[in-house]
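Going in written order, the chains are labelled A, B, C and D, and every chain counts its residues from 1.
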Amino acid sequence: MTSAAATPKQRVTAKKRSPFTINPQAIPTLAAVVIFIVMIIIGELMFGTYLRLGFISSLLMDHSYLIILAVAMTFPILTGGIDLSVGAIVAITGVVAAKLMIAGVPSWVAIIVMLLIGVAFGALAGILIEQFNMQPFIATLSTMFLARGIASIISTDSLTVPKDNNFSWLATDIHLIDNPKISNDLTVDLGVFVAVIVVVIGYIVLHKTRTGRTIYAIGGSRSSAELMGLPVKRTQYSIYIISALLASVASIVYMASMGNAKNVVGVGWELDAVASVVIGGTLISGGFGYVLGSVIGALVRSIIDPLTSDFSVPAEAVTIVVGVMILIFVVLQRAVMAVKRR
Amino acid sequence: MTNPTVKRVAEPSAVRSFIQRIMRNQLTWSVVALIALIVLCTIFDRQFLSLSYNPRTGGLSGPMITMLQESARYLMIATGMTLVVSTSGIDLSVGSVMVVAGAISMQLLSTGTNVWLSILVALGLGLVLGAINGALVSLLGLQPFITTLIMMLAGRGLAKVITSGQNTDASTVAGGEPLKWIANGFVLGLPANFIIAVIIVALVGLLARKTAMGMMIESVGINKEASRMAGINPKKILFLVYVVSGLLAAVAGLFATASVMRVDVSKTGQDLEMYAILAVVIGGTSLLGGKFSLLGSALGAIIIAMIRKTIITLGIDSAATPAFFAVVVIIICVMQAPKIRNLSAEFKRKNAIKASQKAAIA
Amino acid sequence: ACGSSSSSDGDDAKKTVGFVAVGPEGGFRTANENDVQDAFKTAGFDLIYSPTQNSDQQKQIQAFNKFVNDEVDAIVLSATEATGWEDSLKKAKEAEIPVVLLDRGIEPNDTDLYAAHIGPSNTWAGEQAAEFVNEQFPDGANGFVLEGPAGLSVVNDRRSGWESKLDSKQKVLESQSANWSTDEAKTVTAGLLDKHKSQNVQFIFAQNDEMGLGAAQAVDAAGLKGKVKIITIDGTKPALQALIDGDLSLVIEYNPIFGEVAAQTVSDILDGKTVDKDIVVESKVFTAEEAAKVIDSRPY
Amino acid sequence: MSENQPIVEMQGITIEFPGVKALDGVNLRLFPGEIHALMGENGAGKSTMIKALTGVYKINGGSISVDSKPQTFTGTADAQNAGIATVYQEVNLCTNLSIGENVMLGHELHGPLGINWKKTHAQAKRHLATLGLQHLDSHASLSSISIAMQQLVAIARAMVIDAKVLILDEPTSSLDANEVEHLFSIMRQVRDSGVAILFVSHFLDQIYEVTDRLTVLRNGTYIAEVMTKETPRDELISMMIGKSAGELSQIGAKKSSRTVESGEQPVASVEGLGKKGSIKPISVDIFKGQVLGLAGLLGSGRTEFGRLLFGADKADEGVYKLHGSDANIDTPASALRGKVAYSTENRRDEGIVGDLTVRENILLALQAIRGMFRPVPKKEADAIVDKYMKELNVRPADPNKLIRNLSGGNQQKVLLARWLATKPELLILDEPTRGIDIGAKAEIQQTVLELAEQGMSVVFISSELEEVVRLSDDIVVLKDRRKIAEILNDGTISPETIVQTIANSDVETTNSGKAA
């Protein structure tokens, strides 16, 4: 009996694995990279400005906040959840910190307060989700309204960070390559470094820690994860705290570069972040995806706007074109996946 | 083998079981929330419930009437959203479909098109946009969230293209009266748009529950693969719900624009997808898909209108309205949480365990 | 407009101007941006138009920085927010690209950072509204204010103008946001009228035409047409029409037509001529009679 | 067995779900170094008892102590920390992750830079190997292996923690004889190291082979705890079902073989039906009133062939004829219209629609055939639901209960009712008796025979060779996704014949059937 059993099983064996086989789960992300490169090439060929160092610098500097938010959003989305409050958290943390600094509080205290506010909103979302069975969409929609509302109550003015407060050093430009022409400078600011650090930490958390693996498991099947004995509740809390915390980091970076804060900042950023995450190949229903994908997604999302304006899209049609470009993008990804599966 | 495997729990007294059933029912809490908001408003404004006959409009007037008038559009989008959500999808484009429908109707009207034709074209356009969503989700298998997010962007752009970026105003155009009446008229003293909305909700409800549509939608939402294996065509169902949602959003768009006979290309329908989703959730339909309750969503829609009315009535500072809105929503959702609903049962359970642990020690 | 962004080629080549805009949002904004685009094209410029969404300043900053990198010949900036532009303007200065501000100025107002500012004044418009109310109701009256979304610079400016001139006799019962929207304004006004029925409401100041038109409909439905004075800002055609019809009582223009001036200014700057730093665009205050005179020639 | 202290003691456990008392004062003791069977019919409360122990369900009464200390766990994680490893009845793994990750989830090995994946996978491989799964690629996605394999992976996962108590809820329901043997040898090994094992199975043979002690439940109540050796089968059965064993309808000798007339037209006939990467072209004729068994080892392609027949997967070659004329069956809907029905082996993912009621689940396929706008009239629907629930003895007999809340066996019956309600001419049953109690199994087998008697053609797929041999007129043997033989069941066939056929498969054996 046993001998009969042994033979057919040899079928699927480890021998097939070669280090070069592409993990099918990574295909959408790879597609994102390819399309990003194609977009740059198109831009360069048609307008000749997309490979300028200045362009690349401002692509990074002006979007470091989006990259951070995309990383933040990756966490809840991997579990099949979402965090709609990130944009509003940017607003409230900024407003509070600016108020504090105007009142003379040192910048490092303000930064700590910002992070704490982020944690508080993340924890609130976590409590609503875990203790009161609210769906993440609704829970974070509520915290989004709450955060923006509180920000507006605190102030509806544009709050300028006082000059003498050493906060804006976070936005100091570092000229890596200094050419006579600004468009050929390669410049980064600390925001870019922060974004890079966030990405690296995001990667480590998701791929090198148990919490990260639990996040993927929850995305695969929450009930299975629970029955497998994984700390699902705790992980859920960490997810929403992480995403809100990263939103306040994004706020720090953004505020530093703007030098001011306002209650209306960040409207719609959550959707940009979601779009970035999805473009980067993460499944909105959870379970599959990569932080690095989200970074690429954020870059792709960012390059759509200059392309539409360079192509002189009529004003009224801009959002149509943006929509259609994202559509083409996700359809292409699907096509690549379908072909690859054959 | 014939005796039932599980025993019924001893029937508690009829009254108690009735109360328990009521307490467990999610709708109960929605009704309670609605009443609480009305009471709050009445405390603040004694005239809140007062109704008077307004000969100028031929209908009743009073705060509750304007509330119902506003709720009509939420009823429409919440109904469509319910079906979509039931298939475990989401339709973020309802607000944009609203503005497209409003824009085309106003634009046609102001260029002299017959009002009925304008209405028809607006509804048709809503249907088409819904069908595009449906086709992308069902045929191409794109994720609903991102598909309708794209439509949300593109739809608003389309509205701007239709009016060339203007806020087309058809209030002075002759022949627009029927449309104006739909949003502002009265039937038997009640707002016409509310009556129309209720009729449409009832029709959709009948369609869903008297045919097998409702069951199939739920089935696809709960387990798509199992539904396919049972011979249901999930693609057809998915397509259908997005079409219905698009069509109803167009109706909502007509309500919103006809109310002032003017479309605001950047404001009409803005953020309304969020309200619709909230209404659905307050109504007890899970965003994970499955069982849906149109009645619940309708209640949710009215609650949303009521919250907005409350904000005006209490004179909440405009800066504080989002926060107030959030607090009310959080309270309603928390009250509906199983944890709160089963509080008394949980209390009893804890006691029982303590008792049996004592017994075990003894 | 393709392939036109490098400026190093000969002088006879078309000059490229980047237009950091708000986007077609109806009413004033559409009229203004269409006018600017047309004027620059007529003046022989190659205009690259870059609108934002949701009045998102961040998107404007990105567009601005891109124009700097593209080395356009000049940038016109119609900012959604007055603050937060220093860094970007400094970059433009370093790249020697002149910047002309349209409509909104910058704060803090560092005149070194831009070449010129052209636009009407929001504060002025708010003041006109207040003065009209003072004049109409010398003994004081009750009323509401309908505002745009809390926190936008326009909203704050129009409010501060209004508040600075409004007599202490006048009583603003409530200020509510109607989100720039006609339809919301109708709902909000209807609610406020219900609520303050006993207070004899006599004026409504709507911060833009759209909201004013909504308020007028609610006032009409409540049977108060003519009894409540409605004042709006912007001066779009439908508002002027409503003014003539007696639905509105005063429309303060926020003149969007300054594309030609802007184009002229930019071309002067590029030719090395000196220009005025601050060019205030004349706006009018319309009553029904004056509106009747211009309504037919009104392009927007 | 020495009567030492029990490591787990559950006393007077009561669990109420809205409207039902699933457990009522049940006791259970687990001793170290013993394999303990939890016995009872479908819905008796076995799985609920297990979930009560591990804190998945909150108890409404009773007490639980582990190591003589009172304990209330709040979930599997808690229980695991106390040394209780559990494999639940339905496979609970994450299909989006790799096999190795599933095994090691929560127990990954760390290096200086977080998880060391190399070591972790190596460790996973070791654990898989103890269950004879060394051939699995631990990097492959879990979704690429069959449900049966997944079940073994789940068991491997349970072995990862050094447990004092190991709970296996119907681990053998989808395994074939060899796998079961292998599992048992491991269980004995684990037991001998002093671990207490709780084992649930509906196979009495297995119970007698491997367990030391039994606890019997019936209708959510505690009946008895006895030593396996001292309890004769008859007595055990009567404790479980509350009636004497004799009353249990036994299937006698298999029904008389249906002979196929020459020139008879098959109900369904496939010619070279295959799908690349899934199954090599197969030709089979199925006649009216015939039971066609599909035999083979795990992964031999039985399920895949069944799915092709049903159109659940699209065949990319071959001819499919129904009643002699070409049929275009490429979706389940088209199959159902052609009166072909298929009951899946993957009940949870492809079978039940969990949040619908039993009634709706039964009517679903029928309704799908009729189309959305022709609802089954209420009266007719009531009659159908009532009829099949009675016939198949679905319990609880409440059609308005959510199917999710039924015990596994009863879910299976409801699914069977769903397919019967469509009145198919060809019914494909993939592991229909998996997880079904002895009584119900006999009933289902009986039903299959009756259906065949009434003229329905049945394709019967089961890992239990006895069952296949007993019921089938004709047995198609698959191996490596190929048909290697078709054996006419003339009464001389025994499970061994089939095992032999598979073992000697290099030589193409066709003793009869189509080719003859």
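Assorted remarks:
In this text, a contact is a pair of C-beta atoms (placed from the backbone, for glycine too) under 8 Å apart; a residue touches a chain by one contact, two chains touch by 3 or more.
Only a predicted model underlies this, so the values are computations on that prediction, with no experimental measurement involved.
Contact count check for B-D and B-C (C-beta pairs in contact): higher for B-D. We define each chain's centre as the mean of its Cα atoms; on that basis chain B and chain D are separated by 42 Å.
Here the CA centre of chain B is 35 Å from the CA centre of chain C. Put simply, the C-alpha centre of chain A and that of chain C have 34 angstrom between them. Chain geometry summary: the mean Cα position of chain C and that of chain D are 71 Å apart. The set of chain B residues that touch two or more partner chains comprises 160, 164-165, 317-319, 321. In chain C, 23-24, 150-151 are the positions where the chain touches two or more neighbouring chains simultaneously. Inter-chain contacts occur between A-B, A-C, A-D, B-C, B-D. Taken in their complex, chain C has these residues touching chain B: 23-27, 30, 34, 147, 150-151, 174-177, 179-184, 186-188, 190-192, 194-195, 197, 210, 213-214, 217, 221-223, 236, 238, 241, 245, 300. Residues of chain B that touch chain A in their complex: 90, 136, 140-143, 145-147, 149-154, 156-158, 160-161, 164-165, 274, 277-278, 281, 286-288, 317-327, 329-330, 333-334, 337-340. Contact residues on chain B toward chain D in their complex (touch as defined above): 1-9, 24, 210-213, 215-216, 218-219, 222-223, 225-233, 290-291, 349, 352-353, 355-357, 359-360. Contact residues on chain A toward chain C in their complex (touch as defined above): 46-49, 52, 54-55, 58, 61-63, 65, 152, 156-158, 160, 171, 181-183, 254, 257-260, 262-265, 267-269, 302, 305-306, 309-312, 315-316, 318-319. Within the complex formed with chain A, the chain D residues making contact are 56, 75-77, 79-80, 86, 88, 92-97, 101, 105-106, 108, 113-115, 135-141, 144-145, 157, 176-179, 181-182, 297-300, 479-480, 499, 502-503.
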